[in-house]
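Paired with chain B in one complex and with chain C in the other, chain A is shared by the two complexes that follow.
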Partner chain A sequence: MKTPEKQIGARMNRVDGRQKVTGAATYSAEYKLPGITYAVLVGSTITKGRITSIDTKAAERAPGVLAVITHFNSPKVPGFDTAGKDPSQPATVGGPIKIFKDDKIRFNDQPIAIVVADSLERARFAAGLVKGQYAQEKHQTNLEANKAQAFLPTSAKKNPKHPMNDYQRGQVDAYKTGAIKLESEYVVPTEVHHPMEMQAITAHWEAPDRLTIYDKTQGTMATRRDFAREWGLPEENVKVIATYVGGAFGNALHSWQHESAAIIAARVVNRPVKLMLTREQMFTMVGYRPYTWQKLGMSATPDGKITAITHEAIGQTSTFEEFTEATLAQTRMMYESPNLTTRYRIASLDVNSPIWMRGPGEATGAFALESAMDEMAHLLNIDPLEFRLRNYTEQDPEKNRPWSSKFLKECYQLGAERVGWNKRQLKPGSLRDGDWLVGYGMGVGTFGAHRGSSKANIRLLPNGTVLLQSAVTDIGPGTATAMTQIAADTLGLAPEKIKFELGNSDFAQAPTQGGSAIVNTVGPAVQEACLALKEKLRTMAASSNAAFASTEKEDVLFADGYLTLNGNPNARVPFADLLKQTDGGFVTVESKPQGDASKSFSMYSFSVHFAEVRVHVLTGEVRVSKLVSCADAGTIVNEKTAGNQMKGGAVGGIGMALMEHAVIDDRFGRYITKDFADYHVPVHADSPDVQVAFVNKPDPHVNALGTKGIGEIAIIGVAPAIANAIFNATGKRLRELPITPDKLLV
Partner chain B sequence: MNQFQYVRPTKQKAAIDALARDANAQFIAGGTNLIDLMKRGVMAPQKLIDINRLPLTKIESQNGSLRIGALALNGPVAEDKLVLERQPLLAQALSAGASPQLRNMATVGGNMLQRTRCPYFYDTALPCNKREPGSGCGALEGFNRMHAIFGFSDKCIAVHPSDMSVALVALDATVLVSGPKGDRRIPFNDFHRLPGDTPQRDTNLEQGELITAVEVPDGPFTKHVHYQKVRERASYAFALVSVAAALSLDGNTIKDARLAMGGVAHKPWRLTDAEKALIGKPATEETFRQAATVAMQGAKAFEHNAYKLKMAPNAIIQALKTAAAA
Partner chain C sequence: MADDNPEINPAEPGASHNEARRTFLKQSSLLTAMTFTPGPIVQAAAAQFDEKVAAAFEKVPLKLEVNGVKHKLSVEPRTTLLDLLREQLHLTGTKKGCDYGQCGACTVHVDGNRINSCLTLAVMQEGRKITTIEGLANGDNLHPMQEAFVKHDGFQCGYCTPGQIMSAVACIREGHAGSEGEIREFMSGNICRCGAYSNIVAAIQEVKNGGQKV
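And now, the complex of A and B:
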């Protein structure tokens, strides 16, 4: 029989593409449950203090209103009183606010009430009638004014091995005595994730002790754990469904207060409650990329060898949680530098907690590191690509061990050719096209190739198709598509005969989708589950056909309605016979990282981004005319969806470089750029046709598939590539994002 | 959003009567701005008078002018053959505004009546004299990056957001209105107001008055025109500053000129002195630079919008250069 074409590496269309573009895909706010009700949250208008009273009378009397819940009348949530750390939350000190538990206001627009009505319009009308009175206290919302109170995160203080501790190799701050040196400060302002689908939940108490939630989350199991804990229920009594997620970029890595509020409300009205945040509430009621100040010092020899780097960062966090991210990780391992110092601090402000946003700390840190690399190359009068090559690391200088794989040089070469790097002039301001100055820049990104443990369920159905299930979500990369391809190759079955179901906490255990780790982690589980199914079927077939007894599972093939053997087409057992022998239930496997590869090797994905920009000489407008992203991400399972993911990250990087800036008016502690008219993300006209190239060489150590992960490296390094290109075009070095026309005219 | 009554008259008189009777009523046409403002609680009309059934959508050639009905949609007007032939500057300005979806909903009359995008106006928890007279101006000492450099007062430093209006004021258009006291014609430059002590009033429309059309006089500005909109995003963004420039050239000599700016004042900002500085001069960058200097006389910046003092004259030069070369 014909061996099916290899699916891994194929440009397969998304298995759920049609559902998504036709509107057939059901998102969290689209479940039509009987008796559904609608909720709207009311936010505080002060930034810090106490609620003295809330007038809910008018709202309660408004038509269609079923409940107005505040901390004055909220039912007791049992888990709010039990102490103990929640393992599903980010590894931070402190914890999220327990909604409607007390009168304290800790940030502006903190929810103070939830209004439930029989229609969204009526809920919104009534919400407008709720008026809070407050005893206001002085607040702090400006990081620059609070840098002096920055501190080493408690997690680092408690554990000397914690990566948030100060790092040192060679001499401390050695750059200060270097012959050729620079010292620059950089700012990445607060940016907000803003996925297309806003945060939404439909909460349904199916029985007093059984909760089902349709939730926008990146992790169905983590969310289940959170709310089982909050309500003191066994985990199996809570079901979380997230079949489709309309983008997330990190802001659904964490459970937020609005989810707790909807569940409380559903309990009170004893009907399903639907709640979707407004676009304005997406600035305040969920997390964001924290405002971060950085200082980078670097010294080098005249022939371009880095002798020392010191990189410091202060990121903002809230007063109730110590949020941290790996802002300085890339600096420690990217370039050969015998002397290297990093210091990471955080400062507490009266704001909501940040949450990891795509390419979390690394994207922020890479803006400083990769800008400084460009500054030093300029100082040395060396091409920035050549400068990076002279400081290239053939093994990890931080941990002194080999890379599991590293093909960054190949990425440099691919990208430089495609962008036309040879056109770049060393002297800034040399290229001009009419009224536009033209420049080229590059930026490098890296992110750990993480792999965790995961399970997968698999079963053969009577029609000869195979069903796989995993609790994992798909926030956009095309998880079900990639998993179908992996299963198709492992089973030797056409992709149309495989169905991969996801986004349900009742399915097989899988981690939260984040940290570029899902293909690395769930992929091997799918692979192993497919092999386990083959073995199970082989064993069953062996009882009726001796040929199956003496072979290995790898030889088992799926034919039309039959199980057969590679090289022995006469060995045929109908599926129907096999299914008679089994209960038809799932085979479940658990896949864990094998051996100690992660201790012997440093595992990272790498990327480089090349930008060609145009800057208008009179108006200061910047247009990115070319953007080329090249990645060493190990095996590419699907070049089409992987390419999409890279392009999405690149466009996010354009936003980071040129537009995104959530501004708080510190007098009020309130965001004032809080809609899409004031908070700009790129539109199509801002994005060139992003070119993507993959080295596509398997990593021998991360997992059997050879994958390393793409999500984060797609954006890490894009902003500095654009900033460096602007410098090359204009001679103006902008160290505070976003680089808007006003800054280029000053 | 508040609860409101909704009526949909088919006769112009009925619409005007309904509004004149009720101080808390508002006309609604495309609704692209009003609905947003109602959702945010900035405006709370008790009654909406939907005027979309009134026969005010025509674009007609009249003796010496183009008459554009108040309910003509921004998108179709920008692509209209008569408009493109006779008033290409207007077509350019319309196309620079919003997005195709919005332009296909928004009307010409509604475009003129857009409220400011000042974030303090949009947030009912913050002070704003335009939204709540006497509450103070949040922008004056706040985040005033998008704000005025001309014609502001200590009560309000907001800017008018329309692109279309910048072209119309440059082209000497006239607004035709109909009200309880009959019809009247308002020169476009007198239509919008400066904030003064009453920033709550954007225009000189009286209670009950309905915009029925705008008339744009035919002129020599059919070729050398340019609408320059400076923004940090390539599309779908309000102007940091914008310039409507129209030249009539005799060889390289400027016979006539029109110039106006957007994003700099509480109304579309006509630059008549700068126009005088252009007329009779050669169409050179030096001339444009001099006109830009004249245009900027009296400009004053706040903490976050000083860049406009440089961007605005640069945009004028760029607009004039492009217009001359068109």
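And now, the complex of A and C:
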């Protein structure tokens, strides 16, 4: 029998491509439910204080309006009173605002009312009639003005081993006494995820104790847990469906107030309620990448060995949740510096809580670290690539243990060749093409190769196809496609005969999509489920055909309509016979990291990004003319989708470097960037043809597949690569993002 | 005229602009309605007892052809073409990404030209032929641009994809796909936050160079 082609590594088209190009893919606000109603949220017009009254009369009288809900009339949400009191739940530092529970305003545009009507137009019109009155208090929305109140996160105070604690190796702040040293401050402003699909939910109480939500979430299980807890329901009474998620980038890692509001509204009107935030509300009612100030000091020897680094960061959080991210993680392990100090602090402002945005923390920290590397290389008059090689680490200097795998040098080489690094001049401002100054820069990224535990359901269907199910979501990387490829290779079955269903909390347990961990985690579960199915079928086949009794599951092959054995094509049992013996139900397996590899090895994905930029001498316009991203991400399951993910991260990095900046007018505490006219993201014309290269060598320790993860390293290091290229082109070192033309013309 | 009649002066003092607008609409449509409507209903509405009756007169008839299907509709004048497609015709392939004409997710063809369906009121398209992503394929056969998007992986999450494809087809028809640079300029009204731009451009170039009819 012909061995099927290997699918892992193949450039397979997406399994859901047809749905996406025909408009058949259904997102959270697109489910057709009988009696559907429409909700619109009303936000507070002040930033801090109390609601004294809300006039809802006009809205209630408006045609088609079914309900106007505020904290004055909202039904009691049982979980709002018990939250935090459950001893089985880990204590969190603060928590989300419980919507419509009290009169307190903690940030501008905080929802104060939800209006439900029988059409979107009517709900929107009536929402405009709701008027709040407030007792206003003085607010703080500016991090720079509040750096003095920054504090060590409570999680670190409580646990000396917590990674948010200060870190030290060698001498404290040793860079200060170094012969060749630099000290610079960097700012990454507030950036907003802005997935093209705005946050949306359709909430439907199918019975007084059964809730179904079609929700934009990265984790169907986590969302189910949140709302089951909120309503005091058993988890199995809540179903979360997120078959298609229109991008998220971290924005849907948290359950937000609008979701609670829609569920409350559906309860009140006793009909399904659909709520989609407006683009303006995407700045305020959900999270964002927090404004972060950083200071980095570095010293080095004249021959380019780093002797000390001190990296400090202060990130903003809200007054009600302590948001933290690993801003300083990369600095601790990327370069061989004998003396190293990191200090991470947060400051509470009257804003909504941040939430991890692609390459959380690390992308922010890498802007400072990789800019400082470029600054030091310049100071030493050494090529920045050579400077990095002189400080390359063959083992993790933070944890003093070997890498599970590290092929970053190979990435450097691949990228340098492709971008044409040899054209780079050490002296900034040396290359000019007409009115354009040309420069080259690089930036390195890394992110932990995390693997969690996951389950997978699998079953053989009578037509000889295999159905797999997982609660995991796909926010864009192509999860179902990669899983289908993994299953195809493990089963020895053509991918067309495999269906991978996802995005439903009723399916097998899987983690939230995030942290570049899905292929690492769900991939092995799919592999093991496939082997479990083979073993189950082999045992069943053995009862009618002795040849199956003396073989291993690995020998089992799927043929057209029957099961057979590798090397023994005469052994065959029809699927129909096998299915007679079984209840036709799923085989469920759970897959967990085995052994103590994660304790013996440091596991990271690595990337390097090379940029060629052109800066117009008269206008300060920056064009990224080349962008090359190279990754050591272990085994690449699908180069087409993985390459696409890398390209997307690079484009996100262009936004970070050159345009993204959510601006609050601190006098009012209100965003003045409210849409894509004010908050710029890269468009077609801003993006070059991004080149991607993978080392594509399996990691021997993360999992059996050899994968390490791509999502985060795709963006981490891109912004400094562009900033460094701008320096190389112009001699202007800009340490505050985004680098807009006005800053280059000063 | 309404202004001459003290009883139907638009707004009471202190009423908001929105309320005034609504009152005006209700009363002016009542004037029209009185000619055609049975007495009791008019009286009830005129006395502002029945918001529902009044609201009914806010709808206007609209004839549209969408993906080859002729529709006779009754819509509120404030309904955008985008919301009409998504919420009333259940053609949810056309996406909402901003409502301000800034992202292109809602791109459809009106009489063959690409427009942002969020920036036009449905009633402005009386008698026109609308094509949405659902109407692009020929039965089970995908349009060449749809095929090319799948082949080149011109998407990730898929949300901007219908708009990108509708725009891409128009971009070629307009003669704006002559070079990579030209494609990038003329596709810049369609944002892809996943950043699949390189692949989208590759898909458009393939279709353009393949010379197939789009």
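By our rule, the second predicted complex is superposed on the first by the 737 of 746 C-alpha atoms of A that agree within 3 Å, B and C clash if a C-alpha of one lies under 4 Å from a C-alpha of the other, contacts with A are read in each partner's own complex, and residues count from 1 in each chain.
Everything that follows uses one rule, which is that a contact is a pair of C-beta atoms (placed from the backbone, for glycine too) under 8 Å apart; a residue touches a chain by one contact, two chains touch by 3 or more.
If you're wondering where the values come from, they're calculated on a predicted model, not measured in any experiment.
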After the alignment on chain A, I want to confirm one thing: do chain B and chain C clash, or do they fit together? fit
What's your read, chain B or chain C touching more residues of chain A? C
With both complexes overlaid on chain A, does A:685 touch chain B (first), chain C (second), both or neither? both
Between chain B and chain C, whom does A:195 touch in the aligned arrangement: first, second, both, or neither? second
Just to be sure I read the superposition right, which of the two partners does A:677 touch: chain B = first, chain C = second, or both, or neither? both
Once the shared chain is lined up, is A:303 touching chain B (first), chain C (second), both, or neither of them? neither
May I ask you to decide whether A:245 touches chain B, chain C, both, or neither, giving the answer as first, second, both or neither? second
In the superposed arrangement, which partner chain does A:121 touch: chain B (first), chain C (second), both, or neither? both
Treating the CA centre of chain A as the corner point, state the angle out to chain B and chain C, nearest 10°. 40
In the overlay, answer first, second, both or neither for which of chain B and chain C A:618 touches. first
Classify the contacts of A:658 with the two partner chains as first (chain B alone), second (chain C alone), both, or neither. first
Touching A:745, do we find chain B (first), chain C (second), both, or neither? first
Please provide the least distance in Å between a C-alpha atom of chain B and a C-alpha atom of chain C in the combined superposition. 5
Which positions of chain A sit in both the chain B and the chain C interface? 121, 125, 128, 675, 677, 682-686
Residues of chain B touching chain A in the complex: 1-3, 39-41, 117, 119-120, 122-123, 125-126, 138, 141-143, 145, 228, 230-238, 240, 305-308, 310-311, 314-315, 317-318
Going by the contact rule at the top, pick out the chain A residues touching chain C in the complex. 13-14, 16-27, 29-30, 32, 38, 58, 61-64, 119-121, 125, 128-129, 193-198, 244-249, 276, 278-279, 475-478, 640-641, 643-645, 647-652, 675-677, 681-690
Chain C residues within the chain A interface of the complex: 16, 18-19, 22, 51-52, 54-55, 76, 78-79, 83, 86-87, 90-100, 102-103, 105, 132-134, 136-137, 142, 146, 149-151, 153, 155-162, 165, 180, 183-185, 187-201
Show me the residue ranges of chain A that touch chain B in the complex, using the header's touch definition. 45, 121, 124-125, 128, 280, 435, 616, 618-623, 658-659, 663, 665, 667-668, 670, 672-675, 677-678, 680, 682-686, 738, 740-743, 745-746
